[in-house]
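Please find the structures below.
Consider the two complexes below, in which chain A is the common component and chain B and chain C are the respective partners.
Moving on, here comes the complex of A and B:
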C-alpha cells in the first residue's frame, strides 16, 4: 500500500524493536521518504548533536510509491545528521532493498542509541530482531551480504550494510545495498558504524496493496511509463550510454573540474567516457558488459562493467575479474578527471573498492585530488603518503582506495574528507567543497546555476538537490544559458522544491528527465489517501526544503556557509566557453534568499514559515 | 576553411571508422558552410541532433540553418542524452 502506516523503532542501546503507527497528519504534509523521515528526524533530534554520538538517530525510509508498479518505484532514503557535514543528510538509493522493506510492511525504520556490540537487524515481515554481528564486523559489504544470505538460507533476502570504511570512521562512508547501490553521500555509513549497526537484512512477502484507487493508479502508472518510454532521453539515451555519456559533453562545455578544479577541461576525458567504455579493448572485450535496472525501473541507466584481467590493478586478484557495477558519471569524474587520471580500468577498480567497502567515490576521489595538489605543492611528501602521488597517477589512485578501505596509513587522513585534510595541512582553501562535502562533476564557473545549487544544498555540495544541468546543459525542461547568473535563483529554487517531492515519493529523480510533477501527481493522487493536487505537491516540496534549512540553521550553519571555495570565485576558468569567468555566487545568493523568502542571513522569515505551516 | 566535427554516443556511427576512436574528424569546408549543411552532408537524422555545440556553446535549433562555421571551430553533436 502507499503507506503501510507502520514504523519500526529500534533502540540499539537496549536492543528493543517496537512498532509504531505512522503519523498520518505528517504524511499529508511531508508525503514520505525524504520529507516525512526528515520531519521525524528534526522533531526528535537536537540539531547540535554530535553526528557520531548515540544521541544522533538514523532513519531508513521508503516513499508511498516504493514497491508499487510505478516506474522506478524502488527507492529508499537514509536520513541522519551527516558525519561528513554536520548538516542534515538524506542519501537516496535504488536497487531492491527499499521495495523489500515495503513488502515487509514498513514505511520506515528509526534507529536510535548505540548497540554495546556489533549487531545487524533482521526483518522478516512483522518479525524484527537484532542479531549478533561479531562475525560480520571487519567484513566488506560484499562479504557481509553473502554471509547473511547464507546464514538465512535465503538468496532473496535484501541487505543494506556498511563496509570496513563505515566501521573505521571514514567520514564519507555510505550504506550499500544490493552490492552496488548506495546511500552514498554525507557519511551516513559512518553514523551507522558509530552505532555498531553493521547491516539490515530484509525479507518481505506481504506485497503492496491498499492503494486508494488501484484502477486509477495502474492507469496513471502505465501512462507515466509510456512517457518515459517515448522520451528520447529516458527511452533511449540513458539505457544505451548511461550517465557516463556526459563526460564528453561537460568537457566540451569547459565545465569538467580537472586536477582539483585547477582546470575545467581534461585532455583525457574521452578515455574515461561512455564511448570508451563501449569500445573493444586489446583483449577483444569491451569494458561495458551491459546495462542494469533497479526495482521497477523502465529506464535501466545502470552500467555493468568488467576490468581487463591484465590491468595492473587486478593482477592476481580474480575476485575483481567478474562483471560488476559501474562506472557511472559522477564516480568516473571524481576518480578520474578530478585527479587527472585517464586510465578507465583503474577508475573502475577504485570504484569497485568504494562499493566493496562502502564509501562515496565522489568525496573519496575529490579528496585524493586535494591530496595530489598538496603533494604537487610539496606540502605532502612521498613518505607521508606512502607513495608518490602526482596528478594523473593511476597507481596512486588504486593504492589510496585500498588504504582508505582498510583504514591504513594515509588512508586514515583521506577518510577525513578534503576539508579536514586540507585544514590539517594548512591549506583549507584547497578543499573543493561546501559544508565539508565535496563537489560533484560540474564546475560552477562553466555552469553557473550549479554554483548556487552547491552553495545552498542542505546536505553540502551536491548535484542531486537541484540538477540545473538538466536545464543549463540539456535543455530540460527549457534551455537556459549556463554562463549567466540571470534567472538562476528562480531556477535553483524550482529544481530544489520539485526534487524534494520526487525524493519523497519513492521514485528515482532520473524520471524527471521526462516527467514533470504533472506526471507524478496522478500516480500519487491515486495511490495516497488525501487530495494530492499540483498545488499541494509544490507546497510540500517547498516545505521540506525549508524544514531542512531550519535544522541546519539551528545546527549552527549561517549564510557564510552558503559559499564556494575561493578558487571558484577568484581563479577564472582557463579554457573553454567559460574562459575568464569565475562563479557569480555572490550575486546569486542574495537573489536566491529573496526568492526563497529568507532574510539576508539565510533564515526563513516568519511570513515564509507561516505560509508553509512550519 | 578547416573545422573539427565531433559526433558522440549513437551518432558516432555516422563517422568514418578511423574517426570513431577520437569521435573527431577534421573537415575542409567552404566559407559560409552552416551547421545544418554539415548535418545534412553526414546524413544525420534531424531528431537525433539534440545537443549541438560550437566550441562548447549551445546552438539553438532555430539558428542551425544560419550559423556558419568559422576557421578552427569545433562542431560537436549529441543525440538526446542525460546523466547525473
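Moving on, here comes the complex of A and C:
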C-alpha cells in the first residue's frame, strides 16, 4: 500500500511507544510527508509554543511513493516548529533512511514531550522501543551511526541522528541520516536535541507491496524515469556536475551573493565550482571522486569528494582523508562566496564538519559571513572571536566550523544564527535572512523572483519552497526575465503549490527540473487509493501552502515578516547584468497576496479558506 | 547462446533500483531485504559495488546440497534452488565461497539468484548500465574493445 496506514506515536516524557491508524481522510486531502505531517502538526500543537519546550512536537514522515521504485522515491521529511525561525519547519532528506522507515511499516513517527535522559528510538519492523543513549550523547553523527551499528550487530540498520551541535542548542542544527544526508534547515536538530532524543535507528524488512495498480504504477514510473534520463539537467548536468553546475552560471548572472551580500559576483567563483572539483590538483588527484544516488534515484546528483591530505585543515587528521559527501552548490556558496573564501579544500573541510556534527552549512556559512562583516567594521574584534576573521580567510572558516561543532568560545555566538548574532552586536540589519533563516545562494537583486520566494517562504528564507531559478535562469518550464518583477507573483505561487505536492509525495524536488505535476500524477494515481487527478493535486498543493501560512500567522508572523533586509532593497547590485538593481519585493508582495487570495496583511480571506476546505 | 550477468561497478550509483526489482520479481513486493543482489557502498573510498551469484560452472552450493535441491537450469545455466526440495539445512550457504546463497527465515528455505529464468529484472531496472546480461563467453568484450581503442597502430607502422 502506498500508505502503510500506521503511525508510531512516541511519548518521550513517559517512554511509551504507541501505534495509531493513519487518518485516511486527511491522507486524501494532504497526500503524505510534508502535507500530511503538517496537518497532524497544526492540529496538535499550539502555534505559540516555544520551539525548544517539551510542548513542541517533531514528526518524521514518509510519502506514498517512499520505498517504491518511483525515481528518487526515498525521501522523508521532518516537521516541527523551527528552533531558528519560530515558524513551521519542514526539512526534507534523501539517503536511505526514509525508505527503511517505510519498509518497517510506518508512514510517520510523532515525537512528543521530552525524555528525562538521553535516549534513542530503535525500530525493527513493528517493534519500537526507546533505548538509553548515555553512551551516544556527546558523540558526533558519524560516531553515533557506527556505535549503533556495532551494538545492534547489524550493518544494515539505517540511522538518523543529531551531532553535538544539536545537543548544544545550535539553532540551525539539522538531523543527519546515512552520514551525509540532511534534514538540514530551520533547526529541526535543535528541537530533537531539546527532547533528549539522540537518534532513530531503523531496520525494516516488510517492504512495500499492494499498490493500487502495480502494473500501471511500474509503467508510469518507467515513463517518468525516461523523462529524467532524456532531460539535459537531470540526465546529464546533475549526474556529471551535481548542483555545483550552477556556480559559474549564477556568478555570471550577477546573482551570486558575495561577502554577506555586499557583492553579487565572486572573483574566485571558478575556483570553487564543479569544474574545479573535477580538475587535477597538485597531488595528481581530483577533488571529486564520484557521484552517488539516494535511494531509488536515477539522477544521482550527489557528490563524493576527497580532501587533499596536505591541505592545512586536515594535516595529521587521517580521519578526514577518506571520501565523503559534498560539495553541493548551496554549501559551496555559503561556506565560500558568502565569506569570500575561494579555497575549495577548506570549503569541503568545513562541510565535513557540518555533516559530522550535524548543522546546516547554509545558515552556518552565512552567519560566518555576517561575523566577518562585523569584524571588518571593527564591531567584533580578534579577541572576541578568538582569531582574525576578515572576509576570505579560509583558516577562520575552518576554525569557526570546529568551534561551532563543539560549542566552544565564539562558536556559541555563531550557533545562534546571523539574526540573533547581528542583533546582539547592534547591527540587526546585517543579517541576510528572512524570519531569522539565512538566504541560500541566489541574490534577490539579480533573480527577482527569488526575493519573493524568500520573503513568502513558510519556513523562512529558502530556495526549495519555490525554485523560480528554474524558470528565470534555466527556462523551466518557460523562460522568464530574472531582472523584472513582472509576473513573478503568479510564478512564485505556481512553484510553491507544485513544490508542496512533490514534497508530500516521497520524491526529490530535483525531479521537477524535468517533471511537471503531469509526470508525477500518473505515478501517484496508480500507487495511491483514491482518484488523484491533476485538479486534485493542484488543490492539495495550494491547501498545504495555506495551512502552513495559517500556522505562522497564528504564531505571530505578519506581513512585516514577509520582507527582505534593507541591503537588498537599498544597495544596488554593483556589477553584472543586474548592476544598479535592487529587489522589487515591495512591489511584488501585494501582487502576490492578491494572487493568493490573501488580504493586505497576508491573511487568507474567508473565501480562500472555504475554497480550499480549510 | 548462454548469457551471464556482467557487473561494472564503476557505473553504479548505489540507487538500489536493482534490489527493488529483484525482490519484486521474486516476491511481488518492493523489499530490498529480500533481494538476491546486494549493492555494497564503501563510504570511505566512494565505491559502490553490486554483487550477486556468478553461477559457477562447478557450483559449490550445488555440490554441497544433501537433497539435490539445487539444479542447473539447462536453458540459462543458472543454479536454481527448488524450494519444494530444499530442507533449509543451510549447508550451501557455508559452501558458497562468495556468500551469495542465503537463508530466508520467512520461508525456511534458501534463496539465490536464478537469472530470473533468462530475463534478469535487475539488469532491466538498472538506470546506468552497471548490470547487463550478455554473451557468457564474451563478458570481457567491452574491456577488450576499450584497450583495442587505445592501441596505437600508427606509431607501430612508422617505427
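Things to note:
We adopt the following convention: the second predicted complex is superposed on the first by the 614 of 614 C-alpha atoms of A that agree within 3 Å, B and C clash if a C-alpha of one lies under 4 Å from a C-alpha of the other, contacts with A are read in each partner's own complex, and residues count from 1 in each chain.
Everything below uses one rule, namely that a contact is a pair of C-beta atoms (placed from the backbone, for glycine too) under 8 Å apart; a residue touches a chain by one contact, two chains touch by 3 or more.
In this text, all values refer to a predicted model and were calculated from it rather than measured experimentally.
In the superposed pair of complexes, A:595 makes contact with neither chain B nor chain C. Within the superposed three-chain model, A:275 lies in touch with chain B and out of touch with chain C [touch as defined at top]. Look at A:296: by the touch rule set out above, it reaches chain C but stays clear of chain B. Of the two partner chains placed by superposition, A:423 touches none, neither chain B nor chain C.
By the document's definition of touching, of the two partners only chain C reaches A:179; chain B does not.
Of the two partner chains, chain B is the only one that A:475 touches; chain C does not reach it. Of the two partner chains placed by the overlay, only chain C lies in contact with A:67; chain B stays clear of it.
Those residues of chain B that touch chain A in the complex are listed here as 6, 8-10, 12, 21-23, 47, 50-51, 53, 55-58, 60, 74, 76, 78-84. Contact residues on chain A toward chain C in their complex (touch as defined above): 67-69, 71, 96, 99, 103, 156, 179, 204-209, 225, 229, 239, 289-298, 300, 304, 306, 322-324. Contact residues on chain A toward chain B in their complex (touch as defined above): 231-234, 236-238, 240-246, 248-249, 252-254, 270, 274-275, 279, 329-330, 463-464, 467, 469-470, 473-476, 479, 481, 509-510, 513, 576-577.
On the chain C side of its complex with chain A, the touching residues are 13-17, 20-21, 23-24, 27-34, 41, 43-48, 125, 127-128.
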